[in-house]
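Below, chain A partners chain B and then partners chain C, in two separate complexes.
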Partner chain A sequence: MSTALKSKGFIALALLPALILFLVFVIIPIFWSAYYGFFEWKGLGTAKFIGFGNYNEIIHDRIFWNALLNNLLLVASAIVGQIPVALLLALVLLRNSLFSKFIRSAVFMPMVLSTVVVGLIWGYIYHPQFGLANFILKEIGLGSWTRAWLSEPHINMLAITIPINWSNIGPYMVIYIAALQNIPSEIGDAAEVDGARGWRKLIYVTLPIIWSTVIVTLVLCISGSLKAFDHVIVMTNGGPAHTTELLATYMYNNTFHVYRYGYGSAVSTVIMLVSALLIAVNYAVTKRRSA
Partner chain B sequence: MRRSFSYRVFSVANHLFLVLISLLCILPLLHILAVSLSSKAAATANIVKFWPVELTFDAYRLTIENSFFIGSLWNSIERTVLGTLISMVLCITAAYALSKENRVFPGRTFYSWFFIFTMLFSAGLIPSYLVVTNLGIKNTIWALVLPGAVSVYNMVLMLNFFRGIPKDLEEAAFMDGAGHFVTLWKVYLPLSMPSVATLSLFSMVGNWNAWFDGLIYLNNAQDYPLATLLQQLTAGIDMSTSSAVNADALKNIAQRTVKAAQIFLSMIPILIVYPFLQRYFVQGMTLGSVKE
Partner chain C sequence: MELTTAASRKKEGRGWAWKGLSGFGKLLLTAYAVLTLYPLYWLFISAFKTNEDFFRHPYALPHVWMKENISRAWELGKMGRAMMNSTLVTVAAVILTLLLGILAGYVLSRFEFKLKKLVMGLFLVGLLIPIHSTLVPLFLMMKKIGLLDTYGALILPYTAFELPITIFLAIGFMASIPREIEEAAMIDGSGWWRIFGRIIFPLCTPIVATISILAFLRFWNDFSFALVFINSQSLKTLPLSLSLFSDGFGTDYSLTMGAMAIAVIPTIIIYLILQDQIMKGMVAGSIKG
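On to the complex of A and B.
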């Protein structure tokens, strides 16, 4: 079986480049990150081992907790603002009419734009003096509602959730449409014969069938919201006074602006742990409901 | 089907709602276009909505005449072409290996999990940064194209597509004395051209849109791809310290209307391929789900 032997060589060879790149740029960094979390290190010079010192500091760091809270706000806003809206749109736009194709294209559009473009566009809209948002409010007689959207505490985080949801509804909608179109039409017909229509049909027939897809999108939502970074860096860079700081931006600012590599590493390890925890919780909750 | 009055009211409301949603998605882009085509005075006096005020192409002229912008445009093109090529070669070869059964390729399951693990967990930024620095590829284009070259998502889609190709074809090729390489090249690839095109498109868009890697891995503003340049201009970070940058030119391109023009220009390539992107994204989703 010389061909078979030769072929195994090629398979190994085919996998090798991707494997090496992945090992070097993805897997090793995960362990390094965990490792550096135990050191006090400025990125240059010797690193000083301080055990759980960084983690201890994280627990007492108010900015960290605020950042975590902001991340959880993003998770909540994604689950409330992206999943149901995407599902609703998918249900309404299921048919392949010209009209629904047009709407689908429009909703999907923001997803293909660079996060920097999305951030900049909404930065324009939120601009306190020249921004569209305040301008429209004034035009319709709600001048007292105008805000410095991205700098007022409490409002700025909410303002940031809008562009993030804006650019993420599209892909989820497309995923749901694909899942819904995979449902054999006989099932829907059978349900209607049995008297299930409208909401009843949605809750007792359609949703259970696509439930596994919903779970996948929930996981994507959670892990995406915890990794969220780009929009905030572009729009506010975590400011003012850390009010829009997220875990990822806090890690970034600690590392590349204050040069606390060790502390930043510890924060990124915590991000991974929180993410794993939330995904596990999500699985536990959704599993029970589908059973 | 009976069409009662209330049904028709509902239907109209439904359509109105959908039109409103799609307007919400499109109008922000239109606003940017309008600002970019308005005069500088109009844009800073807060009267531009969705239609240009005092129409002028000055912003576009300033942008295109600016060597800084042209340079970063070129950087973006270079990065997109190189990045897409590398990532497709890696994706195809790895997916081919992983598409084999356990009998042919014993460690398959382990390697698959190895790749999938990171779809949810990505490492911190710091170690990635250190890896790039230690490899000595900082400030080169390799720092942009190598770290993200392996897309697990693309690989899974490709893998599933390869799995869908009938085994008979492969066996026939083997009978004729072809090895795996020839089989991949002459049998699998020609059959998977639609998938390859789809994934290349995804990869191109990803490369074109990426900006953060440019920010941390490149020190010289002249090396920035377009997306990074856009971010830096808005962040208001002083780039005049970096050599060979004309301060006046910088001031020009940081204007509100000119920035809008640049935002819009940077979107054009994406908007051109958009119809394909959307269709293929759907196909990609079904491609992945059918074979699981």
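On to the complex of A and C.
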């Protein structure tokens, strides 16, 4: 394919709109926030350069560390609460029977709902006075178990993980089903002839084959946990007393409620670094495992 | 947990750990599915209750079906406006994503040029950037150029963040289109634009469907960008209106439930019609990502 000059013009004109939009709205903001992170700025007036002042404040803020811990808790809850359940469901619902399809579409359904709706519904379920959770506990004689699910420290973060797991199991299940259906059935038959059945077959044959898919879902768990912002804003807004704060809500509340743009920018940069770090750790760990 | 029977295992050559399901297994799975759907069912019955009914009998069917909840929520919550805004922003961003993304994907899959590796690398990085880390700088930037609180404040960043996955899906798909088709068109004297518009883009229909579904779900349900970039009542999208609705009518629970029911119905209908494509799209999207 020659006509080099014409091709060059086409390449430039066809690629540039996408590239420019992407650079302006995705890549450049990262550098902006790194830059503004060095300033003290209330949004009005001039910004004052304070070097690493914001970062210094961040690492000495207990609320920040608590937020980071909450984020890690969400990652852990996703890895423990979503991945195994999704894998189990995928193994059981692998066949394309009508029954399997019905269960699959039920499990997947919450995924298409807006996070705001998910947060609001579960906010009502957890409501201390009339919430469904407490009502059911009372009905079945466990009245002493009732509590203000979203207000009590230690309990509230766990309560928040449930709706998140609820809406995320479906996609992982579908991803695993696709991966499992791609394995030629001869491998499974051969494994059974060699005596690998049930759990043994799962651990020694099935899992290694779909390991690359498992890694993908682990990365998704990490990035997904950093996206839990919506649920928390709707259900608790990080409160009470910052007990359900996540890195993103910490950033949001510092920037848009108390108008500390410089500080918020610094936190944004930290979020970038944390997510890069988590993905790198995941990569290193899973790499070793598969080697 | 032994869910396998020897007979069914013989019959089904295909399949992995557990082949046929026992009755008990089916029962367990059905219970799980019902549990998963219950919050939604609860939302819909609550949307038709009086507040008192809602407090007293949270899981009974409504004593009287309060259809007014829905119409009141529609009016008080200005849901019509919100739905229009969501539709407009979503459709515009999906179209922009398709045009820019597939065009860029075509260039990156067919041509060799100096900076290609760098460009690909940038888009790859884009897949991993957490959107919340860009909220503050984007807010400041849009404020500076006067883009804040406009439809563009949503359409442009939505598109920008959807481009990486769109481009990689497009590149993956283009590999299956034989180059001979383009070569033949070249001989006929068609330019690249014509080849793209007349031949390549129409051939991309399957991937266009996948991209549109992924983008639709993401844009329609987005809350973070709308929360930070939109302020005017008249520009609010559905998720944003809902979150404020629950604050504004905090004690009128059945009304809020009514508003949520309205907001959820379009997505559920689309899901019921397109669920196979949605699931497939999700798999394609995540594996590439």
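Here is the rule we go by: the second predicted complex is superposed on the first by the 282 of 291 C-alpha atoms of A that agree within 3 Å, B and C clash if a C-alpha of one lies under 4 Å from a C-alpha of the other, contacts with A are read in each partner's own complex, and residues count from 1 in each chain.
The rule is short, and it goes like this: a contact is a pair of C-beta atoms (placed from the backbone, for glycine too) under 8 Å apart; a residue touches a chain by one contact, two chains touch by 3 or more.
All values reported here derive from a predicted model rather than from experimental measurement.
With both complexes brought onto chain A, simultaneous placement of chain B and chain C is prevented by a clash.
Applying the stated contact rule after C-alpha superposition, one finds that A:S268 touches each of chain B and chain C. Looking at the shared chain after the overlay, A:A106 reaches both chain B and chain C.
In the superposed model, A:K201 makes contact with chain C only, not with chain B.
Using the contact criterion defined above for the overlaid structures, shared-chain residue A:N237 touches chain B, although it does not reach chain C. Of the two partner chains, chain B is the only one touched by A:N182; chain C is not. In the superposition on chain A, contact is made by A:L226 with chain C only, not with chain B. Looking at the shared chain after the overlay, A:Y124 reaches both chain B and chain C. Of the two partner chains placed by the overlay, only chain C lies in contact with A:R95; chain B stays clear of it.
Residues common to the contacts of chain A with chain B and with chain C across the two structures: 6-8, 10-11, 14-15, 17-19, 21-22, 24-30, 32-33, 36, 89, 92-93, 99, 102-110, 112-117, 120-125, 129-132, 135, 166, 171, 174-175, 178, 219, 223, 227, 229-230, 233-234, 248, 251-252, 255-256, 261, 264-265, 267-269, 271-272, 275-276, 279.
Taken together, the chain B residues at the contact with chain A in this complex read 14-15, 18-19, 21-26, 28-29, 31-32, 35, 43-46, 49, 89-91, 93-94, 96-98, 100, 104-105, 111, 114-115, 118, 120-132, 135, 146-150, 155, 174, 177, 179-181, 184, 205, 208-212, 216, 227-228, 230-231, 234-235, 256, 259-260, 263, 266-267, 270, 274-275, 277-278, 281-282, 285-286, 289.
Within the complex, the chain C residues that touch chain A are 2-4, 9, 12-19, 21, 25-26, 29-30, 32-34, 36-37, 39-40, 42-43, 46, 54-55, 58-59, 100-101, 103-104, 106-108, 111, 113, 119, 122-123, 125-126, 128-141, 156-157, 159-161, 163-164, 167, 182-183, 186, 191-193, 196, 217, 220-221, 223-224, 227-228, 238-240, 242-243, 246, 253, 256-257, 260, 263-264, 267-268, 270-271, 275, 278-280, 282-283, 286-287, 289. On the side of chain A, the complex with chain B involves touching residues 3, 6-8, 10-12, 14-15, 17-19, 21-22, 24-30, 32-33, 36, 89, 92-93, 99-100, 102-110, 112-117, 119-125, 129-132, 135, 166, 170-171, 174-175, 177-179, 182, 219, 223, 227, 229-230, 233-234, 237, 248, 251-252, 255-256, 261, 264-265, 267-269, 271-272, 275-276, 279.
Interface of chain A with chain C (complex): residues 1, 6-8, 10-11, 14-15, 17-19, 21-30, 32-33, 36, 89, 91-95, 99, 102-117, 120-125, 129-132, 135-136, 166, 171, 174-175, 178, 180-181, 183, 185, 188-189, 192, 198, 201-202, 206, 213, 216-217, 219-220, 223, 226-227, 229-230, 233-234, 247-248, 251-252, 255-256, 261, 264-265, 267-269, 271-272, 275-276, 279.
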